[in-house]
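Okay, structure first, notes after.
Each chain gets a letter, A, B, C, D, E and F, in the order it is written, and its residues are counted from 1.
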Amino acid sequence: MRPSGRNVDQMRSISIETNVTKHAEGSCLIKCGDTHVLCTATIDERVPPFMKNSGLGWVTAEYGMLPRATNTRMQREAKKGQSGRTQEIQRLIGRSLRAGVDRVALGERQITIDCDVIQADGGTRCASITGGWVALKLAVNKLMKIGDVISDPLTDPVAAISCGIYAGQEVLDLDYPEDSEAGVDGNFVMTGSGKLIEIQMSAEGSVFSRQQLNGLLDLAQKGVDELVAAQKAATS
Amino acid sequence: MRPSGRNVDQMRSISIETNVTKHAEGSCLIKCGDTHVLCTATIDERVPPFMKNSGLGWVTAEYGMLPRATNTRMQREAKKGQSGRTQEIQRLIGRSLRAGVDRVALGERQITIDCDVIQADGGTRCASITGGWVALKLAVNKLMKIGDVISDPLTDPVAAISCGIYAGQEVLDLDYPEDSEAGVDGNFVMTGSGKLIEIQMSAEGSVFSRQQLNGLLDLAQKGVDELVAAQKAATS
Amino acid sequence: MRPSGRNVDQMRSISIETNVTKHAEGSCLIKCGDTHVLCTATIDERVPPFMKNSGLGWVTAEYGMLPRATNTRMQREAKKGQSGRTQEIQRLIGRSLRAGVDRVALGERQITIDCDVIQADGGTRCASITGGWVALKLAVNKLMKIGDVISDPLTDPVAAISCGIYAGQEVLDLDYPEDSEAGVDGNFVMTGSGKLIEIQMSAEGSVFSRQQLNGLLDLAQKGVDELVAAQKAATS
Amino acid sequence: MRPSGRNVDQMRSISIETNVTKHAEGSCLIKCGDTHVLCTATIDERVPPFMKNSGLGWVTAEYGMLPRATNTRMQREAKKGQSGRTQEIQRLIGRSLRAGVDRVALGERQITIDCDVIQADGGTRCASITGGWVALKLAVNKLMKIGDVISDPLTDPVAAISCGIYAGQEVLDLDYPEDSEAGVDGNFVMTGSGKLIEIQMSAEGSVFSRQQLNGLLDLAQKGVDELVAAQKAATS
Amino acid sequence: MRPSGRNVDQMRSISIETNVTKHAEGSCLIKCGDTHVLCTATIDERVPPFMKNSGLGWVTAEYGMLPRATNTRMQREAKKGQSGRTQEIQRLIGRSLRAGVDRVALGERQITIDCDVIQADGGTRCASITGGWVALKLAVNKLMKIGDVISDPLTDPVAAISCGIYAGQEVLDLDYPEDSEAGVDGNFVMTGSGKLIEIQMSAEGSVFSRQQLNGLLDLAQKGVDELVAAQKAATS
Amino acid sequence: MRPSGRNVDQMRSISIETNVTKHAEGSCLIKCGDTHVLCTATIDERVPPFMKNSGLGWVTAEYGMLPRATNTRMQREAKKGQSGRTQEIQRLIGRSLRAGVDRVALGERQITIDCDVIQADGGTRCASITGGWVALKLAVNKLMKIGDVISDPLTDPVAAISCGIYAGQEVLDLDYPEDSEAGVDGNFVMTGSGKLIEIQMSAEGSVFSRQQLNGLLDLAQKGVDELVAAQKAATS
């Protein structure tokens, strides 16, 4: 039934390669099927002005797509400015990652996560959150190793997956052909211990019931469990 | 327990005044407590280029806040450009309203909903959706009266309400003092017949369980029922 | 002769409702016929850098129009930036109000007047000046009440009215149908005691004589007298 | 009494050198004392979209200042965008010149007047109007010579001069030291036959009476007569 | 003598991996030491307006750097706009590649080369030209295979290398530590047959002689020969 | 053979008029045939933040063209922002001039060179460098006269000339008709003592040999010698 032949509750293959760039304090290339995102973490000992002398750390994110990451070339955002969609996505990534950070334990410093989509096939914002957490973890590990951070501020991983209603059925981990057809789709950000952080469900020209929502939440839980396992393997 | 003294499942008082401006094809001033939003509908017989000759109608929305709608004056967006937050909100309003429109019945024309916040006290995006539907309905009524539209494209109202976890308790219809303290809050867009259109839940420095999500959904359902009653009274 | 049936020296009905928004230090909704402008005053204890430690106060203004304030929807300035016309108008409002302020008496603080046109029917910049003065006066009254300002810096009101040559005749207080036809029109800013502050007369595809200028000045004086009476009633 | 030692009704020396650049259809370098403006006219056989097929011509203007035209270097507008002041000035120049053009006689074409201030010492917008008319006239003469325009659309010259109240006295043709001190100053655009086109009077921290206005109008008339004589000498 | 221990005429190791992204018509990841650039080619059957119906093809290029491609994170250009440096580089890449294209043989279509720096260590513009030619060649091969292009428009490869004067000596293929210290450095774009296309030599706080220029040209020739061999291996 | 009838190694007539504007610390109007550029130097006792307390001076440049400096009117950059070409040119001018400055001798201050093209006929960037050096020299002379600078930081003049291959022949000092036809052209920046500072050679749809490069360098040397003589005459 699905264009890829996957079962309704079957994820695409996941791969997380770490330390892929020599400059960043943490980095990974995450591949969720044909969606490939390069995530880097940059540590800055200065925080934004509004949190100076608060003793709290800050995590923020930026998101971009290479112009030919998609099937049809998109205009370069450096030429026209960031779209509303881009800004919405990078706000989501930052908010999601912060929900899993003990900002007191991190200490007064900022970590910026850059998520750049090298190749897109649906689910880029979810891959960015999942891979972004890995880059963040690696950077924090470096801070702990040199003693700048004492107790681990990242005790519970954060990962994200999309689910939606495609051809009348609830399916896990939409790829682009599904995403462009689905009347209802959602992004679910969760912790390794099964807590919810963010739900973004929307219907374009359609509606959904609470029963369907529950079906999607069950699928999301399954997907996040697999992602968290991959995160743990990559960072241990 | 709530700063306003309201019960956990108590809405703020709702008022919807219609036809408040002489130029727009539909308009209302919606007041949800101290949150006041002016909503206007503009009919344009041309659709955007990408839907020309599709036979389908289009509904889009724009959102703004007067600089002193808030307690502290904000910089005017005309001077600095629309923020990511503004773009995110107006995309949400447009998507939500379109979910309740039969685009074939509307016919190939565009209706633009402008939502301008005159005074803000939390929940401006939800008030914009609820009031925006009223302005849209009034404009469509005008098209039906003159025979440009035959069968009603708006059979099921669309309304939105915020709920969140404040001081450990699930509460309905957050005002600004609650919104700025709540660790978890969400916006729920629903139809008059009880279907879901959009859920946007986020946690800032916190997490939530599926049980809490269910509690918030129950509250949202109660709130939307009251809003839909007010919409019907205003447009009948 | 006039589209509205008014006499050549007859103003539109004036209404000034004060304290219309809960956040601003001063506010009013001024209606000059079908032209409705919301004016708010924001007190900021900091002045712009170039007047720091001068001991002098500053008054500035910003102006905007809701997209559907006009008969045909205009593009939102937050999306395209402020037009030259908007900047010209807000510079005029600020300059006009400052001419009526004793900046020593005001003390080193800034008051920003926001004038947002809710509905337009000609004469929006004049209504903004007249209503802006009311918002300013109310904010200053608040400063005097709490003792931050001792002697009143606003002893002589400032108001503005448009006059022009329509169908060959000098007329007072142009509405939009007149304004769009008049070959010569002008805006006159005056004080309650009959002094001139600003004259902006222009001819589009036409010229005028000194005799005609004098006729327009006589009409403007009559109009400003009526506006000042309304300002005094609203602020006393 | 005046810093320059001039009488109150004495203009600065005027010089208008024509055909100063080889590319433009009309051009002049106008010098009003130490204020030097290069004015060029560009003929374009296409009009703006909104006047297509109207049979009417259009005249528009743009204005700029070289960064070091002033005593203190200003930031280049190409780097930061046109200021509100620049836009206000170029709108004034265009409106003023159009008032002296028979747009039917000009025929459906556009002439753009560029006014670039090479050196500034007060009165740059007035010099731009006066010199702009000369460049326009020379371009129109070229059109008449080749027969593209039959009857002269520029029968009455347009010129502009500033007057103001300096040290309590009405003075003609303010230079920069006067302009920066004057509480009241105005720009008067008139025709060679003595008609008024535009008056822009403003008071910064001051007011003025109708009697003073009349004194300034008398001075302006004297100044414009001298400018028109120089325009006629330059273009005949 | 060189920080890397290389001989003065020794290149960094070169690697060109082709077809690295599934969407683009041609692509490669070029690695010149630690400088890694992803190059993609996009075929568009429409040409820019100014060459419509000319029968000639067009090749253009865009260039970007991921924010953490460098040792210190740079601000994202999507947020602040393309710098002058970025525009200068992408103009160079496009001009260089066009010099090696028979635009009649290519036919009326446009190929856009995107060069995105994944990791930077000096020489990114040269790597972009060398890798860009490979992506271009692969895209053209596709057009030839399907018969849309008959005779090969790319008969002579185009490659680029930097040389400079470091610590008083002429050296080939500057890496970042050398580049940031060199008083004189240049970029040399050449063809496989030894012709010159572009020379950009500049001295910052230094000068150079014609003899030194000749030394650098000799080195550049050697480097380009090696690059062209790698290009041929990758595209055959 | 050349459109102007000049010999292949013949420059256009050069004229450098100094002190042409009363405000700038140094200025000249340089005319290379029909290319006329106004160059001004502005001394600022503050340096950019990144060189504060370095004890070193800084020289920077900005470049602009009046809209009708060219045969066809160009859009004003103040309206659309600086093009990539403009930024590239002003970076070249600044870099070239700095190569001839002893920054220790200049002392911690900044000099900004503004080069504004009044009339263009090819070679505007070269004329800007040559004239820019004269304005810089005059400003430095002023600093030396008042004792703010003790030893001359400008001991060797900097000048620039274009050469190219036109109709198959190497020619000196391209004017616009040649420049727009030449397949290969270059800009050569040199010192009075014959050292090279910058070479920018590019081929549009063409290539060139080392022998041709040598021919152009010989021509450039001849041209720069003549320009340096004119610079010395103008500043002594």
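Methods note: contacts are C-beta pairs under 8 Å (C-beta built on N, C-alpha and C of every residue); 3 or more make two chains touch, one makes a residue touch a chain.
Chain labels with UniProt names: A, B, C, D, E, F = Ribonuclease PH.
No experiment lies behind these values; they were computed from the predicted model shown.
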| item | value |
| --- | --- |
| Path length in steps (a step moves to a chain that is touched) from chain A (Ribonuclease PH) to chain F (Ribonuclease PH) | 2 |
| D-F, E-F or A-B - pair sharing over half of the B-C contact pairs | D-F |
| Rotation angle superposing chain D (Ribonuclease PH) onto its copy chain F (Ribonuclease PH) by C-alpha atoms, nearest 5 degrees | 180 |
| Where chain C (Ribonuclease PH) and chain D (Ribonuclease PH) are represented by their mean Cα positions, the distance between them in whole Å | 28 |
| Chain centre separation in whole Å, for chain C (Ribonuclease PH) relative to chain A (Ribonuclease PH) (CA means) | 51 |
| Chain B (Ribonuclease PH) and chain F (Ribonuclease PH), separation of their C-alpha mean positions in angstrom | 60 |
| Junction residues of chain D (Ribonuclease PH), two or more chains touched | 82 |
| Order around the closed ring of chains, commencing at chain E (Ribonuclease PH), then chain F (Ribonuclease PH) | E, F, D, C, B, A |
| Interface residues, chain C (Ribonuclease PH) side, partner chain B (Ribonuclease PH) - complex | 21-24, 27, 34, 38, 40, 42, 44, 62, 64, 66-71, 73, 76-79, 81-82, 86, 112, 114, 116, 118-119 |
| Chain D (Ribonuclease PH) partner contacts - residues on chain C (Ribonuclease PH) that touch it in the complex | 82, 84-85, 87-88, 90-91, 95, 98-99, 103, 186, 191, 195-210, 213, 217 |
